[in-house]
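Per-chain residue numbering starts at 1, and chain names A, B, C, D, E and F are given in the order in which the chains are listed.
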Amino acid sequence: VFESAERTAVPGVATGLAVTGAGGDVLFIEATAMDGESGLTLTGQLGDVMKESAQIAWSYLRSHGRQLGIDPSGLVGKRIHLHVPAGAVPKDGPSAGITMVTALASLASGRPVRPEFGMTGEVTLAGRVLPIGGVKQKLLAAHRAGLTEVIIPARNEPDLDDLPDEVRKALTIHVTGEVSEVLRLALRPAESETGAQPLVGAAA
Amino acid sequence: VFESAERTAVPGVATGLAVTGAGGDVLFIEATAMDGESGLTLTGQLGDVMKESAQIAWSYLRSHGRQLGIDPSGLVGKRIHLHVPAGAVPKDGPSAGITMVTALASLASGRPVRPEFGMTGEVTLAGRVLPIGGVKQKLLAAHRAGLTEVIIPARNEPDLDDLPDEVRKALTIHVTGEVSEVLRLALRPAESETGAQPLVGAAA
Amino acid sequence: VFESAERTAVPGVATGLAVTGAGGDVLFIEATAMDGESGLTLTGQLGDVMKESAQIAWSYLRSHGRQLGIDPSGLVGKRIHLHVPAGAVPKDGPSAGITMVTALASLASGRPVRPEFGMTGEVTLAGRVLPIGGVKQKLLAAHRAGLTEVIIPARNEPDLDDLPDEVRKALTIHVTGEVSEVLRLALRPAESETGAQPLVGAAA
Amino acid sequence: VFESAERTAVPGVATGLAVTGAGGDVLFIEATAMDGESGLTLTGQLGDVMKESAQIAWSYLRSHGRQLGIDPSGLVGKRIHLHVPAGAVPKDGPSAGITMVTALASLASGRPVRPEFGMTGEVTLAGRVLPIGGVKQKLLAAHRAGLTEVIIPARNEPDLDDLPDEVRKALTIHVTGEVSEVLRLALRPAESETGAQPLVGAAA
Amino acid sequence: VFESAERTAVPGVATGLAVTGAGGDVLFIEATAMDGESGLTLTGQLGDVMKESAQIAWSYLRSHGRQLGIDPSGLVGKRIHLHVPAGAVPKDGPSAGITMVTALASLASGRPVRPEFGMTGEVTLAGRVLPIGGVKQKLLAAHRAGLTEVIIPARNEPDLDDLPDEVRKALTIHVTGEVSEVLRLALRPAESETGAQPLVGAAA
Amino acid sequence: VFESAERTAVPGVATGLAVTGAGGDVLFIEATAMDGESGLTLTGQLGDVMKESAQIAWSYLRSHGRQLGIDPSGLVGKRIHLHVPAGAVPKDGPSAGITMVTALASLASGRPVRPEFGMTGEVTLAGRVLPIGGVKQKLLAAHRAGLTEVIIPARNEPDLDDLPDEVRKALTIHVTGEVSEVLRLALRPAESETGAQPLVGAAA
């Protein structure tokens, strides 16, 4: 996870899995906050559906974050900017939803995302994780990129049958129907909880 | 009502009935509120007519809610976000109107929607329920999804003749011309009214 | 006037006459007011011309209402929502102008619109009533719907020659060039003026 | 000037001259002001050029009115609505510019426009009157409508050669290059200046 | 310079040079300021590039004016309206940039533009004057219009070879790469600097 | 570096490298700040991707500037205007990202950009420098324009093989994956750091 480790070293960056014309790929969701007019700035040539995903992710955290131990109040009244490189590549679809929630929750809590994790899944406003397409290509891409833990929607579990055995063995695959579970898995613990600087894990 | 029970367990989610290219289907309207610029955020690839339905639903509650025992004042001055999964599926038409009123009334009152209820009907700004299309496919879909109570517009009563007998028997079908009646049927009573935690009903 | 009586029972609803692909029809203009950002929300798939009619109607009342005994000040600083069901049917044209003024004047004054009245006519910002098309189809539709009083623009009086005798006899037809006259005819008197609850009239 | 006298009886209405597909025609510019968000509301299916004319007219009065004895301060901070009936007829072009200045100056000063006057001419932000097209058809229309005084741009004087003698004799034609001159000609004097209610003139 | 003298007699108007379908022409940039929401109103059917030129001109003056002795603070917080007659003629391109800076600087300083001057040149945000096209046609038009002094970008100096000798002799041609130089040339001195009313010069 | 030296003499201007239809070219990013509504004004006929680059650059500086010794607080609450001459030439693509960060950092810090530097590279919201296209044409253009130092993305290092030897020798080529490194290289030191006016270097 050389690239992922570098990219997710700071809070606010999460690793997603996407399908492109040329198979699967990893993408990074970068979030930052600054003083300015309250609201979301979205860049990365995002299509309508993906922009709506970002709105859903941000609304979910604002209305449910506190129940999950993610206090979003430090971000309220700020300008949130969410970018998905590469800047010239058009992107669309709902499957980055849980990655967007994770990036924003990381930013809000100051807890970095575990670099060995990649994830894909649509999120609803009530925090459900809905199924998405391209599971096989996405997990192959995760493996190629050196990731060792992936999160997919519970309803996509049947798609795992198509995965080559060696990839399946190399990856720890988490299936879940709730975005609260995604955050428990992918965010490093707060430093005060562990009393120690959390390690990046064996995959690093 | 396995999925519906899970999805409607929290206030702000109501179960609608829709017609898609592949017959009828159930859909969930999710509503949440947060601090922010007053107004509606609408996601789920909603078309013009469906976006107007959401505006009508919200205006109806703000101007008539108090007469119905639904105090909307806790939502005034907040950002209301209304989402209709699945995020990538375009949706349009006026028939989700009463479901939107119900989701917002549930959110405003803190009273969850009864999970055994599905509904369809256009709403007007004065609270009338106008007829919609696809009643047969919608009720078949409600039955398939395990719902046991449905609400349809009064003027759609003649469409019930086309419904197979076994479905007609399995469903309790409420016909009404007033959205105030929809709320009386579909919202669980406030806990203080019953002195007891309301049960989900025999269908659960 | 069964439907019209039900629909216009509350202040803020007026009955208009329209021409559709299938002949004439009655339509209802519903207006309501609520706290929120000052301005007009317009729904019902209204075209450009019809949206402008609503702006004209609202500006007319704000600048001339007081001269007519209609005090609009209770609506100033509020969000006015004006809806024209059915929500999925596109509508356009200027002929709903006087109906929109009437609905807003009813809302502002709390005086319901007389349910036996239907009306059609373009309104100008200075309060003139300009001629419209489709008078014959509109009056036939008014008659079919059980209305007994109609208001049309003065300059449309020649079109009455085309009307079948039995319809002409059944309807009381008011012709006028001034929207102030429309309001005098169509709004019920304020209760304080009559000392008695106004009756809906013989047609009810 | 039966129609013009009726229409211009109140301050804020001025009579313009236009060219339509069917020759020349008179049109009325109606202006009104109300409490609300500062700015211009423009209706009457106006095209881009005509909307810009309205902005120019309003900016001209705000920046130069006081020099001309027209104090615009009563309109500043108000919502100005400018409508050009008929509502469904698309209109465009710059030639209503001086008519718009006149309507707004009439509204600001409370001085009605003389009903026997019609006018046409583009206005610039510095108050120049620029030439327009269709002078012959416009003056024929003014004559047909019973107007007896018309204002045209100085640079259109050569177009008067094409006018039939009887029309030229019946009309008093004012040519000018300055919009300040238009206002001196077309607005009735303030009552306080004359000590007497100004008469409408021989044409009435 | 009969027309130019009349048009530029007041502060806020500058004479530009343009290329049209029918050769070169002079155009006037008119600027005015009024109370209202801070920002630019642009009229005259300006294209995207020309609207951006106006923004650049206004930003340049706000950030660099004071170094040039042009204090823009009287215009800050005001509505600036910039119009380019004739109102119905579409215009585009960057070559009016220095004329726009000059009109705005004239407005801000109260110093009228010298009426014998015409100018053309793109301006950058840092105050550079970039080359433009159509120099020959523009200078012929300046000469025809009676102007005697013109300003062109330094990098357009080679284009002067194409100019007829008699025009080249009749015009004083200033070439410059800095918009600060344009303002020094084209604005009349402040009255306080000269102790005397500045004359318009021999060309008047 | 004659032109570059002139153009970058003031803080807020940085030299980029672009590919056009006619090979590579240098372009200047000009940034300025003024009182006004907080936000970005972007001119120069920038396409969607390039406008997003500007937003990313500005958000990056606001959220990470202070760590880099670039205090953006003097620009917060101001209107930032970013222009890319020439005004009429459409431009797009992400490769001006690091040049935009540099221009804004120069403006915020008051430290001019070294005139002998040209640069190209996409920037991400977290400050990574991503690879771009056209390295060979861009470096040839830098050389032709007299620049002697260039910055390119680390991942573009392999493209340097295509560069003619004499150009490669004439240029000092910096490769980096971090925009913080770009700023360390390209901005002149603050005067207080050196105790002396920094020189422009041997290339001037």
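The criterion applied here is as follows: contacts are C-beta pairs under 8 Å (C-beta built on N, C-alpha and C of every residue); 3 or more make two chains touch, one makes a residue touch a chain.
Please read all numbers here as calculations on a predicted model, not as lab measurements.
> State the chain with the largest centre-to-centre distance from subunit A, centres being mean CA positions.
Of all chains, D has its centre farthest from that of subunit A.
> Indicate whether more than half of the residue numbers at the subunit C-subunit D interface occur in both copies; give same if so and different if not.
different
> Can you compute the centre-to-centre distance for subunit D and subunit F, using the mean CA position of each chain? Integer Å is fine.
Comparing mean C-alpha positions, subunit F is 54 Å from subunit D.
> On a C-alpha centroid basis, what's the spacing between subunit A and subunit F, in Å?
Once rounded, the distance between the two centres reads 31 Å.
> Spell out, as numbers or ranges, the residues of subunit A touching 2 or more other chains.
none
> Thinking of each chain as a vertex joined to the chains it touches, would you call that graph a line, ring, star, complete, or other?
Shape of the chain contacts: a ring, since each chain touches exactly two and the loop closes.
> Going by the defined touches, start at subunit A, step to subunit B, and keep going round the ring. Which chains appear, in sequence?
A, B, C, D, E, F
> Give the list of subunit D residues in touch with subunit E in this complex.
38-39, 48-49, 52-53, 55-56, 59-60, 62-64, 76, 93-94, 97, 122, 124-126, 128, 130
> Could you pull out which subunit B residues touch subunit A in their complex?
Those residues of subunit B that touch subunit A are 7, 10, 12-13, 28, 30-37, 41, 43-45, 79, 81-83, 85-88.
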